[in-house]
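Inspection log for the structure reproduced underneath, given as structure tokens.
Note that the chains are named A, B, C and D in the order they appear, and that numbering of residues resets to 1 at the start of each chain.
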Amino acid sequence: MSSLIRFGISLDKTLLESFDVLISDRGYTNRSEALRDLIRDELVRKEWLSGDIVAGTITLVYDHHTRELNARLTDIQHNHHNVIIATQHIHLDHHNCLEVIVVQGTPQDIEKLAARLKATRGVKHSALTMATTGKNLL
Amino acid sequence: MSSLIRFGISLDKTLLESFDVLISDRGYTNRSEALRDLIRDELVRKEWLSGDIVAGTITLVYDHHTRELNARLTDIQHNHHNVIIATQHIHLDHHNCLEVIVVQGTPQDIEKLAARLKATRGVKHSALTMATTGKNLL
Amino acid sequence: MSSLIRFGISLDKTLLESFDVLISDRGYTNRSEALRDLIRDELVRKEWLSGDIVAGTITLVYDHHTRELNARLTDIQHNHHNVIIATQHIHLDHHNCLEVIVVQGTPQDIEKLAARLKATRGVKHSALTMATTGKNLL
Amino acid sequence: MSSLIRFGISLDKTLLESFDVLISDRGYTNRSEALRDLIRDELVRKEWLSGDIVAGTITLVYDHHTRELNARLTDIQHNHHNVIIATQHIHLDHHNCLEVIVVQGTPQDIEKLAARLKATRGVKHSALTMATTGKNLL
């Protein structure tokens, strides 16, 4: 666990007022937490660019009635089991499933898996979300 | 279930060759599926802009040792239970958790919940992923 | 002209160290300027969402040999002259032109013009860049 | 100049109907041009990732009254003159200028210049727009 450091920043008055309105709209109760979030978002982007081990999620929407789609998606996931931590399956309606795959590994390995799943016929939508292992983001 | 329609498109030869390389790199086995994915991505973006009922995921990374953070996050989720379908919790390491919340509702309601969770002190990273209910994306 | 306000924020030591590396890589000489930039980027995004008068640029790349393309692009620009401030034309090579159109107006009007230009046959690439009039961003 | 190739793609009827509405809203008069634009956007993204020579624009908004800002921005631009093709300067109002710098070079060189300009004190907003030289995008 590391320690808090306090330092001062200077901001133009009208810029600060606009910022205070913005963060209050978003539910922040203090400026430090809002600024920490802006900083962390930049650092997570950097983790993905620099090839560090990252975490993320892959979200799929598909119609489970598509012939052999379930089997194909399961096959792909097993071929990439080393980057997959867990999968959650939601039944949106009679036809549509949403599946969230939590992943951890290098950005390249994760992006390759996401591309394979997206390219699978019958997958209606697929999105890769960049997150972090949190290790370097105290 | 609706029917397939086949139509022709014309593409410059060199543009088509570049496209074929691109989609082969991404694991597509035919052009139709690759073009369908580009089209669906545009339609999902439109669903979120036009305020239709959409699905999505909110990914959080946080240190579960942060005092009362678990309780606060659970409170917020219960206050928005009408848009939350399910939550999955992953133990990344001794300190860090990754939580994926699957949501369904209007973009406004979902964005409000995502903002509240992101603004919560102790949440290191938070990302909202736009997906779809799949209803209009055959 | 408005006045500078100085206030304190607290950051975890390791988070601050990562941030200092990040901003030094980007050429910042002090934390205040880096944080001001993060804040202003959020405010510009908000200006575009809330429908305020904004500024921006539309970048086009096209082959000026395409039959009647120049005339069509000029026609479209004249039909939207109220949002166009100026246009700069670059000859990239014998075939390719890059044109930058500086625009000011409501986000809706600007997005409509950008869509029209992008949809014009022969335009190879088109991008809309969100900027600001700077009026509320001291 | 290369030749046009025509090929067929198959789309679900309701997906095609949604796509036709979308592209008609955006001012397209035929599906081929709309699909070509989706394809080209992907190819431009790939050019920037793979380090090819690309073109782009850097948009700056700043207050020209800021002490020595003009001189500093000119210095930085001259230090990177090898990637800068041309600069256009717009007087938005008494205080605010918008400057568009058209650039051509490797993505790394362009991103470095954009970072330097953004980090300069007094620059209120800065955005890098990815475009293309058009050479490989017939």
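Following the convention adopted for this analysis, a residue touches a chain if its C-beta (ideal position, glycine included) is under 8 Å from a C-beta of that chain, and two chains touch if they have at least 3 such contacts.
All values reported here derive from a predicted model rather than from experimental measurement.
Peer 1: Name the pair in B-D, A-B or A-C that forms the same interface as C-D; by residue number, over half of the contact pairs must coincide.
Peer 2: Of the listed pairs B-D, A-B or A-C, the one copying the C-D interface is A-B.
Peer 1: Roughly how many whole angstrom separate the Cα centroids of chain A and chain B?
Peer 2: Chain centroid spacing, chain A to chain B, equals 9 Å.
Peer 1: How far is the middle of chain A from the middle of chain C, if each middle is the mean of its Cα atoms, in Å?
Peer 2: Distance between chain centres: 26 Å.
Peer 1: In chain C, what residues contact two or more other chains?
Peer 2: 40, 137-138
Peer 1: Which label fits the chain touch graph of this model best, line, ring, star, complete or other?
Peer 2: If you draw each chain as a dot and join those that touch, you get a single closed ring.
Peer 1: Would you mind writing out the residues of chain D in touch with chain C in their complex?
Peer 2: 23, 25-29, 33-34, 37, 40-41, 44, 55-57, 59, 61-63, 85-86, 88, 90, 92-93, 95-96, 98, 100, 102, 104, 115-116, 118-119, 121, 124-127, 129-135, 137-138
Peer 1: What residues on chain D touch chain B, complex-wise?
Peer 2: 2-16, 18-19, 22, 31-32, 35-36, 38-40, 42-43, 46, 136-138
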